[in-house]
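By written order: A, B and C. Residues from 1 in each chain.
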Amino acid sequence: MSDSGVANAVAPAFTAAAVSRRAVGEGAWLRWALTGLALLFLAVFLVVPLVLVFREAFSKGWDVYLAALTEPDAWHAIKLTLIAAAIAVPLNVIFGIAAAWGISKFRFRGKQVLITLIDLPFAVSPVIAGLIYVLVFGSRGWLGPWLEAHDLSIIYAVPGIVLATIFVTFPFVARELIPLMQEQGVSHEEAALTLGASGWQTFRRVTLPSIKWGLLYGVILCNARAMGEFGAVSVVSGHIRGKTNTLPLHVEILYNEYQFAAAFAVASLLALLAVVTLVAKSALEFKHQRDRERSARAATRQEEL
Amino acid sequence: MSIQVRDLNKSFGQFKALDNVSLQFNSGELVALLGPSGCGKTTLLRIIAGLEFADSGAVLFSGRDATATHVRERSVGFVFQHYALFRHMSVYDNVAFGLTVRPRRNRPDKQEIAERVHKLLELVQLDWLADRYPDQLSGGQRQRIALARALAVEPRVLLLDEPFGALDARVRKDLRSWLRRLHDELHVTSIFVTHDQEEAMEVADRIVVINRGRIEQVGTPREIYNAPATPFVYGFIGDANRLSGRAAGGWAELAGLRVPAPDFAQSEPRAVTGYIRPHDIELSGGGEGDGLAARVESVAQVGASLRVSVRSPEQAQSLQVELPHSGGQWPFEVGDAVRARPRAARVFADAPV
Amino acid sequence: MMSRNRVIPGFGLSLGYATLYTSLIVFIPLAALAAEGISLGGERFWAVVSHPQAVASYTLSFGAALTAALINLVFGLLVAWVLVRYSFPGKRIADALVDLPFALPTAVAGIALTALYGRNGWFGGPLEALGLKIAYAPAGIVVALTFIGLPFVVRTVQPVLAGLERELEEAAASLGADRWQTFRRVLLPALVPALLTGFALAFARAVGEYGSVVFISGNMPYRTEITPLLIYSKLEQYDYAGASALGVMMLLFSFLLLLAINALQYWSLRRQGGG
């Protein structure tokens, strides 16, 4: 169960969408009615809110907009958001590759349990994601007294934010790679081994290139969530301005202080990130689909020779 | 290099893939492992390659125990059923792969790698495709590139898993004779797996027939076809009329046909099953003479032979007969009365119930 | 099938690392939650989770999540159908846009929807004139949860719909079925596993959602307070045990849903496999 895994399965959908005139199909009026209704739904729920973010952001003009983004607290929030993503994403990439390798290339008992555990963060409420770290690392948590004695703080500090971010983005890369690598099977790795390659050479020169697009796809989604996470981070951050505020938390603070234009200005940055994510994701899907079609055509040509 | 496998056993859960298999492959020969799907032939090939490990038993290369040797050190060339070409590498890089992953001290230099790759691509007659990617090749081309890649590491033995399985019929025929010629040129000990008897017959020096993890027969294509050792081989290789009957005193009575059965010289009768090839039955016209009286049920011309189906009024089963034929006139038409006489037959005792 | 001899390297390293990391990040912290919840003891645990305020929050969370998932079930099928079957200008953009709720931070969605459906908002104003209050009412929560669950049904149904052979419909038509009969008796049954999976995913996501809801709901206890928010406020009062007890309840529910989803996917795989 995953945002990303679901999206992954969609790539081949487009090629099959042959919309030729067929004897079997709906009449033109029904087609247009259904299309219109679907587009209206998408417009009301997706387009209008997105447009509104940018409109509100600029409602008080450029100066207010720029001021909201350049004030020190906003800058600090941007930096903290980038730091959290810069730690969480690579860690989850390493984990994702290791988990996908182990799960897809070997048979072992308990595989399903591991897969379910990997999925779990998708099903857990963000508030609980934050709560569990408070219980472990908070001042009254399992490790709280020990951390206090050593003058370390995790909750209401940057490490807690990083941990919560790791948790909520935990499955993204693994979820993208597991089905991909399961589908690819083991014969390429076996071929490399029969040709004398070492384990590392096999991974780096055979496996990694064959999963790079799937990996990139997972990284893009993982990154979007890492930078945008709100609930889990909110629980562990303590909302200390200029210290433990990420961009989404900064939006909340500004909003609750009725600084709407500033809140939407900061929100527009995050909305822009979302749009960039969608564009990158679509570009990847498009490229993948085009590659497949192109090579299929080339192979057919060879077949005819 | 010669290969020996001794007492190999391999199970997957409850399923016994190999049941005490021992075999000898001589240096330089081309052997087919032939059997229905799921018979264990691919498992055997993968154990020889070192891609799978047997539960017990040994694999010997040139008399030396290689059972525990890692696939990396076995220097086997393995051609995978679906070729397993690296999609992100050009044809050139695919073929060069085995050379470029060698440790630096015995890796050939760039120049030498290029020479060897081009020589191999010439050998498989695809030098002009060096810059292409696997997805841009036809099935037959991929197959030959996979072979070139396997040969690049100068393997001591070449193993091919269903090498023609994924190709269409016409390409398959071409590649078969090409593989045979290539083997005659290189003389690398080669083993290939197939479920297609025609393929095994045409290409291999020797055939190993496998069924349910056991070896049914080992022999040259001629021996396998002309003297099948077991009922399974009779049924699997070529067509045969399968007839039940009884045998006693050196003769068997099979659905009205009397055939010699020297294995059953004892006097007391026992239940047997006999196998007669369609082209080992003679038909003569008219109601007179010896042999089984029957009527022609159907006639069809397939290439240079006639396939005739005849049935005796007393028998439930019809007999399939194949006659050489040329010219426009058929010697028999549907409804003709004929006499059927077997020229050769093989009789096996039924397993006691 | 544990075999000593594995040809492909990295079994111990990859799975050892994956298991360790999963344990540290997911398993042990979740165990801490369970332990904290249990430490309350049966009686007090029950007192917390059956408190009227908690029960009101469950009703709201589940009710709103269910409503939103149902809306997404219907419109998700419609959107998937239109995207797979028809061509129209801007189709690629519409398709890419479906994933917006995955990519847009929930806080941004929350403030945007609140502004949109608030008294002075583009939609909120006219609706309020009609006597419909969306923001700061349960309806607002449904709107937010519909937004965040929107991609699930579309993205699970889309590939299955695209994979259905046209011959199925042509066969039905040749047998005399009209378009509606074909849809209801041939296409819809084939889509049921995907629809249910998408529905369950959207539902699971909606039940736990926090960020987009807190802005639009108004957070009035007994009225518009969802369970995650109740947990949050208990945490802010340093009531760790109480927060954990409610957390355990939600976790149990997530587990059950996860099981259901896995079973659904197993079922649909088997059906696709022609079993």
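Before moving on, here are some points about what is shown:
The rule we apply is simple: contacts are C-beta pairs under 8 Å (C-beta built on N, C-alpha and C of every residue); 3 or more make two chains touch, one makes a residue touch a chain.
These figures come from a predicted structure and were not determined experimentally.
In this view the innermost chain, defined by its CA centroid being closest to the centroid of all protein CA atoms, is A. Summarising the inter-chain contacts, the pair of chains with the most C-beta pairs in contact is A-C. Chain A and chain B have Cα centroids separated by 51 Å.
Chain B and chain C have Cα centroids lying 55 Å from one another.
Centre-to-centre separation between chain A and chain C, using Cα means, comes to 16 Å. Across the assembly, chain A contributes 190, 193, 198 as residues in contact with two or more other chains. Residue positions 50-51, 71 of chain B are each in touch with at least two other chains.
Contact with two or more other chains is made by residues 1, 7 of chain C. Of all residues in chain C, only 1-2, 6-11, 13-15, 17-19, 21-22, 25-30, 32-33, 36, 75, 78-79, 81-88, 92, 94-113, 115-116, 122-123, 146-147, 150-152, 155-156, 158-159, 161-163, 166, 169-170, 173, 179, 182, 198, 200-201, 204-205, 207-211, 215, 227-229, 231-232, 235, 238, 240, 243-244, 247, 250-251, 254-255, 257-258, 261-262 touch chain A in the complex they form.
On chain C, the positions that touch chain B within their shared complex are 1, 3, 5, 7. Contact residues on chain A toward chain B in their complex (touch as defined above): 187-188, 190-198, 201, 205-206, 209-210, 295-296, 298-299, 302-303, 305.
Residue ranges on chain B touching chain C, taken from their complex, read 12-13, 50-53, 70-71. Against chain A, in their complex, chain B makes its touches with residues 49-51, 71-72, 74-78, 80, 82, 84, 86-89, 97-98, 101-102, 133, 135-139, 141, 149-150, 152-153.
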